[in-house]
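Okay, so chain A shows up in both of these, paired with chain B first and chain C after.
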Partner chain A sequence: MTDNNRGIGEAVVRREDSRFLQGRGQYTDDMNLAGQLFACIVRSQHAHATINSIDGSAAMAMDGVVSVLTHEDFAAYGGVPCGWGVNNKDGSPMAEPKHPILAEGVARHVGDPVAVVIAESPIIARNAAEHVQVSYSELPAVVSMQQALDASAKPIHGDTESNLCFDWELGDREAVDQAIAGAHHVTKLELINNRLVPNAMEPRCAIGDYNSATGDHTLYTTSQNPHVIRLLMGAFVLQIPEHKLRVVSPDVGGGFGSKIYHYAEEAIVTVAAMKLGKPVKWTSDRTEAFISDAHGRDHITTVELALDREGNFLALRESTHANMGAYLSTFAPAVPTYLHSTLLAGQYRTPVIYAEVKAVFTNTVVVDAYRGAGRPEASYLVERVVETAAREMGIDPVELRRKNFIKSFPHDTPVALTYDSGDYAATLDQAMIASDYAGFEARRAEAKQRGKLRGIGIACYVEACGVAPSNIAGALGARAGLYEAATIRVNPTGSISVLTGSHSHGQGHETTFSQLVADKLGIDYDSIDVVHGDTNRIPFGMGTYGSRSLAVGGTAIVNAVDKIIAKGKKIAAHLLEASEADIEFENGEFRVAGTDKMKPFAEIALTAYVPHNFPLEELEPGLEETAFYDPKNFTFPAGTYVCEVEIDPDTGTTEIVSFHASDDFGRIINPMIVEGQVHGGLVQGIGQALLEGCVYDTDSGQLISGSYMDYTMPRADDVPSFSVDTCVTECTHNPLGVKGCGEAGAIGAPPAVMNAIIDALSDYNVRHLDMPATPNKIWSIIHKASAAAA
Partner chain B sequence: MYEFSYHKASSLEDARSTLATAEDGKLLAGGMTLLPTMKQRLAAPTVLVDLTGIDMAGIEGKGDNIVVGAMTTHAAVASSSLVQQTIPALAALAEGIGDPQVRNRGTIGGSVANADPAADYPAALVGLGATVVTSKRSLSAEEFFTGMFETALAEDEIITAVSFPVPEAAAYQKFPNPASRYAIVGVFVAKTANGIRVAVTGAGGSVFRNAEMEQALASNFSPDAVKNIAVDSSGLNEDIHASAEYRAHLVGVMASRAVAAM
Partner chain C sequence: MSVSVVMTVNGEVVAKHVEDRTLLVEFLREHLRLTGTHVGCDTSQCGACVVHANGKSLKSCTALAVQMDGAEITTIEGLANGDVLHPMQEAFRQNHGLQCGFCTPGMVMSAVDLVNENPDPSETEIREWLEGNICRCTGYHNIVKSISAGAKAMREGDPT
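Presenting the complex of A and B:
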């Protein structure tokens, strides 16, 4: 621990806050390069249409317009690649239709990029975009997954047989069928996991820059993983080798998954900058973001849970349709499969599980990972079906869960994962006490006197974080490894630059990672700087998503620090004329064991760079070490959430009156940042449960919820003051014992909220209600029941 | 936003004549509705005539009326002690419009001229039997609001003030759209010198009165008198947030809550 108390476990105020809260961040759109031009993208207004012709001549004729690009200008390049291949049940590969940078003959969703106008100002570009004449012939839009798979539906892609992308399975079908057939009780639910629009605060932006003197390309982009973009765009789209392509992601204002992917606009500005010899910037506006950022969720599922007479789980069967949208986004195929069905055991010992997932193309915006990515969908269906089974069998829902908990670790689930640690009963107990679960009936009775329907719901979630062991990911179809890299650069006077492949876009890495290094090296927190988001400054990186930054990126940092200490010991041994084996490192001091002979860290650093009397045969000068860390396993955060709601039967409005979260995130580096991550996740989870719903017109394929006038983003007054705590079991396979906390809230909250609503409506005989549970939907249930009773 | 020319009017007459001669002129008040529409390129006026230089803001008592100048912001109405004392329901309504930024820019004249079917003020105007004063004439609120985003205003006519008769008692209850926070249904109930008035916004194409509720309240002024009066859902608005039936139901609920609050 450092004397200034900013090591592991301290609630250090975020270093980032001073620049972010004062509006002094440097976001991509804040950057303006000399001579920069501006791109405006002409997007399809139709969900599905043949493009007969594109005439840019009127736009070109306008003052200040430099270029109009169409798919022909990109003919030499590849399409937007998909980074994860999933196989069908029979082992054949998924259908992987071409995803052109600009629509080639057919527009496949409202917002599909069709042409690009490049001009001297954003306004000129936008004005001119309206003068690009695109002649469309509308085609019938395939909007819902049912429409897409209907026998009469035409495939929306010319190069696939149908709108089915893949038909995948996991688990032992026969064993599950048998267990279900012989079970005492089977609970079956049909549910929809509603489609969401991510809505990061900062809309996407990209600037392409090309230096014709050196042949170097630079792409500034709002990405969660600049190295991944360099790889995907460089190798698969534009054939630019890594050493000629620099990708910079400066401050990024939120991602939630939507900024993982390689988007066409990044390739567009890179190519345009090269063609035109000037930097080209594209900035999305909010309206454009709604129709061009990858959406999230959108599953239709049937789930069955089989139980014996005592309530022991015997089997679980899932059949899901997952919407891919019009094309395959970077990680899309992995989300409803390997990031989803592998979590179907939840916190339970369910002995056999079978999942089949059909992925479907529709004329809608692409769908990909969004905060939680597959795990919210899994925890939702598991926790909804467990809750429903408890109600049907007349067993207390808490006791049914407790009875089926996994109690010993490591635990192999029937869906390919090995949970390393956890104490589900302890987390549950903690949540029960903190939420005064026992006192609920009195609160319900009191609410009833006020005319309110009060309900309580719990959810016990588990998730897999720290994606991913590369060998597992590779075996499951990932076309990349998922390790992380870090460099510790000790500067001559002892200050430190931490170069990390993780990317912070709201997570506070600059603080947390500095705490880690300060703690490990026993040096001043303020002498440490964290550098991220630039492929030219950082050796390598896989970026930030899937709550991986601390468990994977943090471990890489710690491993690099260990290498620094090892080398420091060598230098100290030399300076102190001792054997290396006798050197101990503690509190920033290298000491000969059992003596008062000591060299402080700063002196070791200086010696490394001023090697006047260095044993050069044994030791190189300098003090800089890099580590790549590939995790051995996923990490498995878990928790119990308790939600209490009050419904106003007159209007159907749900108020969340209290929400408690007990989470096991393993060891905690900065409790304040963790709490903030939980709060944010809970708000997104509550948003999904109560408010957010992405709605398309099923005939025209127009996005109805295309702005904040209709898409309900949660606001501060939609949520209660949260009560959160943690219950720690350490991860067993990374040196920090950490698990990850970035997505938990969004994973655990939706089922907790929905279970509470169903509980509140228990007098109305409702088995299930799809999210978002809007006042109108709830009122309809109450109204119908009242009408039937009358 | 397309290019336009900007004129800051120095007087009402200057504003009126500029508007009258402009090819496609538009008055600019708080800009809270007009500017977003222009940014989305849904409106493309060639001339904006800014009213902020004309002295049309302010609230005063004139006999039995509270006169609110057209350029008075929602925040000013909400925080006016005169309004709070005489028509607290009006102050509360203004306090419930949008967010602080919107309330500090948006004006009563702009809101009323825009006649958004989900706007709050129209319920107060019709509920209180207010008079809209323009550069040309005075007309009753019911004459003024003619349809969805439609008013009786002529092309070059400017609202200068809204005059509200002080009621015996009044209350407004709003069921907000969860996304936009405009009214899905808002009901303004007032006991006025001319009897009880019930005005509904958000539910239909334009603000309307509910005669059945007014009569019921006249004989029995209690929440229960209106709660279960069936409102015909035909012709009511329908969107992804609320069906017509739900809106019809909410009219009764909001009306009874307004009565309960009086």
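Presenting the complex of A and C:
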């Protein structure tokens, strides 16, 4: 019977929550294996140093210490691989220095793993790590990208010519140069997209286990994509055949990109478990997370927008430096290139665009995808430069955007993408009404009477989800496929196991995917279970990142369900003695069209597994189907965000007094979960705009913002409640019409907030302000202006 | 040095010998295997480890197990009444007040203590109370909504 209340479009309460709310989730650190040992990693306290010697004898002499491992113990293995190669302007490949599991003679950032102590308890391991004597000779550190590219700077890697990783370009340079040279107006901005630390609340953890009887390895790890880890670590690092390596990612406490990558610690515990014959567990503490999890953003950009007299966009030119950190993390090269510059058209018809991106090695933690991954940086520079152009030309910023909107689809941008669908005016109009944009000046005047500076800012973002298709991504440097896999296993009594390659670390897949299958098969939601996160239980899947789970993973599920229905029709035709072409499937029933002859889904399932009356000569028994789905294109969610702020001129403090988001995510399966994703993304975006900034000391390379005492995480009293709404244009190339919602908030919020702040400071002649817009920065602007006026 | 500790955890008396430096959160997670209480930082900022000690919320990373000798501790595992969720847990479930679930035990325990102190908190009071609990997933919107709803349910019914 159809589960009308828990199908597509219903705000079904999450089935995951019951276990999480009672402390019954199982995160990696909640597991202890029998006989388990504990690893503590000795990390470099220097940003750049030669390692002269490592003496583990004092540590080894301590009670309970089992082993001290250094680079030599990993000499037989490969380094941590990079999963995306980018070419230089001249077609030559990027510099790709070796990334050893443990530092090999040189430490290249504070936190670079140097040695590993393995002991019988975590505290013994930690104490013993203090007794590992590492002799370092400090080397000059290049901390900023400017330092790294200075002619006098030495390459931080012995196997590269300089600290330039690649110098890449996209678009028609000549056409853009000409358009800019002949334009009525050119707005130029220099801006920084501040470096962020992802800070999933669950610190990373990994447990290696080795069965010497079978030669099977198991890695339990906090990953967003266990099969990707199995492939990267098995094939490229440790040379473990994939059939002998199982990777399990159980409940994972948030990822935001930082748990996509294969990290050295995963290889360390896997090797240690094999060497020592006992399970080995490593759990990061927060301090360690700050200096070992991949960071995000960190771009320095010059952007120019050329306009004609009427405000039509003529061209956009971007020149960006992107920090890679000390090594290349898994997807790092793709982030400032194919996930970034391809989005520079935004929602606009800009006819020509050119981008050049220089990626730079520095003595800092690796930088890779963090919620939005390249698109927040694109949205930020586009929406900041459009806003600035509107102010310079005296055109209403809303009308300037509207005038330049892409209005017909499909639309080919000059930066390689084809937007399949959208209605940018619809989300803009909805946001204008919901935020009472028209009534703003009255609110500004009222705030002024209270001594507050009130400003309003909008941002119209577009983003690209579900990187695809694999052959194009491959041509652009991806070293993996970007499909997703799903198996629908119908059990003999009609219940269903959905085995998905997607991975949920907060997104609620167990609920959404069950809704999807319940709706498609017309069966009870409670008879469906979703299995994910274990390479031994699920088909080879690529995991969850880039807001791909529903658009790519959900489509794989739908395609597998379609195969189940197709086979079910054959079985039903046999049982009902009808032609297969006459069988219709609806609401969980196989019916001979136009008759009351019918077989329920459960009977078809049972027949498939008890095939006594079954067309065995034509059909295999059983009812289980797998689909691999490789999308034809990205999906393109888009929307308009409106932020209103009030600044206290006495303290420089910004309060977000209202925030409205209008998004187009295509068709929505569970609106409650989608709203939650938007809220979370918005606060990460607001955090970037107002609070968060990863700061290194530019001389020593020490991470200054290395704890929650120093790195400002958004807290409940930093943000408001939100107004969110959606408009729907369906994606045209997946059967669900879905687009993806996971990153939108973090992509659209930063420019909306910053545009509002610039608007609030309009009396102070501020053209641009870099994020985070801290009270100190704002107070200084106001104070200097006041002092100058006095 | 090993010391003996006796306390009541979720209504059961437990007696253990532990290293004197053992934190309450380690005691709960590793000695009692109550892994619902989480560790999200090392500076007592994130609040993932909040439990109740003698009825008041406490970051269990800030206390040694020995300091809690004789105390009554309630963890997230002890909040529900059998299969019936505490009204605050139910409110989080109904209002999508959690995503990855990692900060959730601390949020719920902190929220229950708030409502015990202030049965009808305003949005501002809820947000200020949560100063010591960090969530990276929800943007707090639905946590605030959950706590409002949970407070109402606790006012109206038996908080079990």
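Simple rule for what comes next: the second predicted complex is superposed on the first by the 787 of 790 C-alpha atoms of A that agree within 3 Å, B and C clash if a C-alpha of one lies under 4 Å from a C-alpha of the other, contacts with A are read in each partner's own complex, and residues count from 1 in each chain.
Please note the rule applied: contacts are C-beta pairs under 8 Å (C-beta built on N, C-alpha and C of every residue); 3 or more make two chains touch, one makes a residue touch a chain.
Not measured: the values here are computed from a predicted model.
In the superposition on chain A, contact is made by A:G254 with chain C only, not with chain B.
By the touch criterion defined above, A:D650 lies against chain B but remains apart from chain C after alignment on the C-alpha atoms of chain A.
After overlaying the two complexes on the shared chain, residue contacts for A:G25 are found with chain C alone; chain B is out of touch. Once the two complexes are overlaid on the shared chain, A:G85 sits clear of chain B and of chain C alike.
Of the two partner chains placed around the shared chain by superposition, chain C is the only one that A:S721 touches, whereas chain B remains out of contact. Judged by the touch definition given at the top, the superposed model places A:G680 against chain C, while chain B stays out of reach. When the two complexes are overlaid, the chain among chain B and chain C that reaches more residues of chain A is C. In the superposed model, A:H505 makes contact with chain C only, not with chain B. Looking at the shared chain after the overlay, A:T712 reaches chain B, while chain C stays out of its contact range. Looking at the shared chain after the overlay, A:G745 reaches chain C, while chain B stays out of its contact range.
The interface of chain A with chain B overlaps its interface with chain C at residues 123, 287, 708-709, 713.
Residues of chain A that touch chain C in their complex: 13-14, 16-27, 29-30, 32, 123, 199-203, 251-254, 256, 285-287, 505-508, 672-673, 675-676, 679-684, 707-709, 713-717, 719, 721-722, 745.
Taken in their complex, chain A has these residues touching chain B: 123, 127, 130, 287, 650-652, 691, 693, 695, 704-705, 708-713, 718, 774-776, 779-780, 783. For chain C in complex with chain A, the residues that touch the partner chain are 19, 21, 29-30, 34-43, 45-46, 48, 75-77, 79-80, 85, 89, 92-94, 96, 98-105, 108, 123-124, 126-128, 130-131, 133-145. Of all the residues in chain B, the ones that touch chain A in their complex are 1-2, 40-41, 175, 178-180, 239-243, 246, 249-250, 253.
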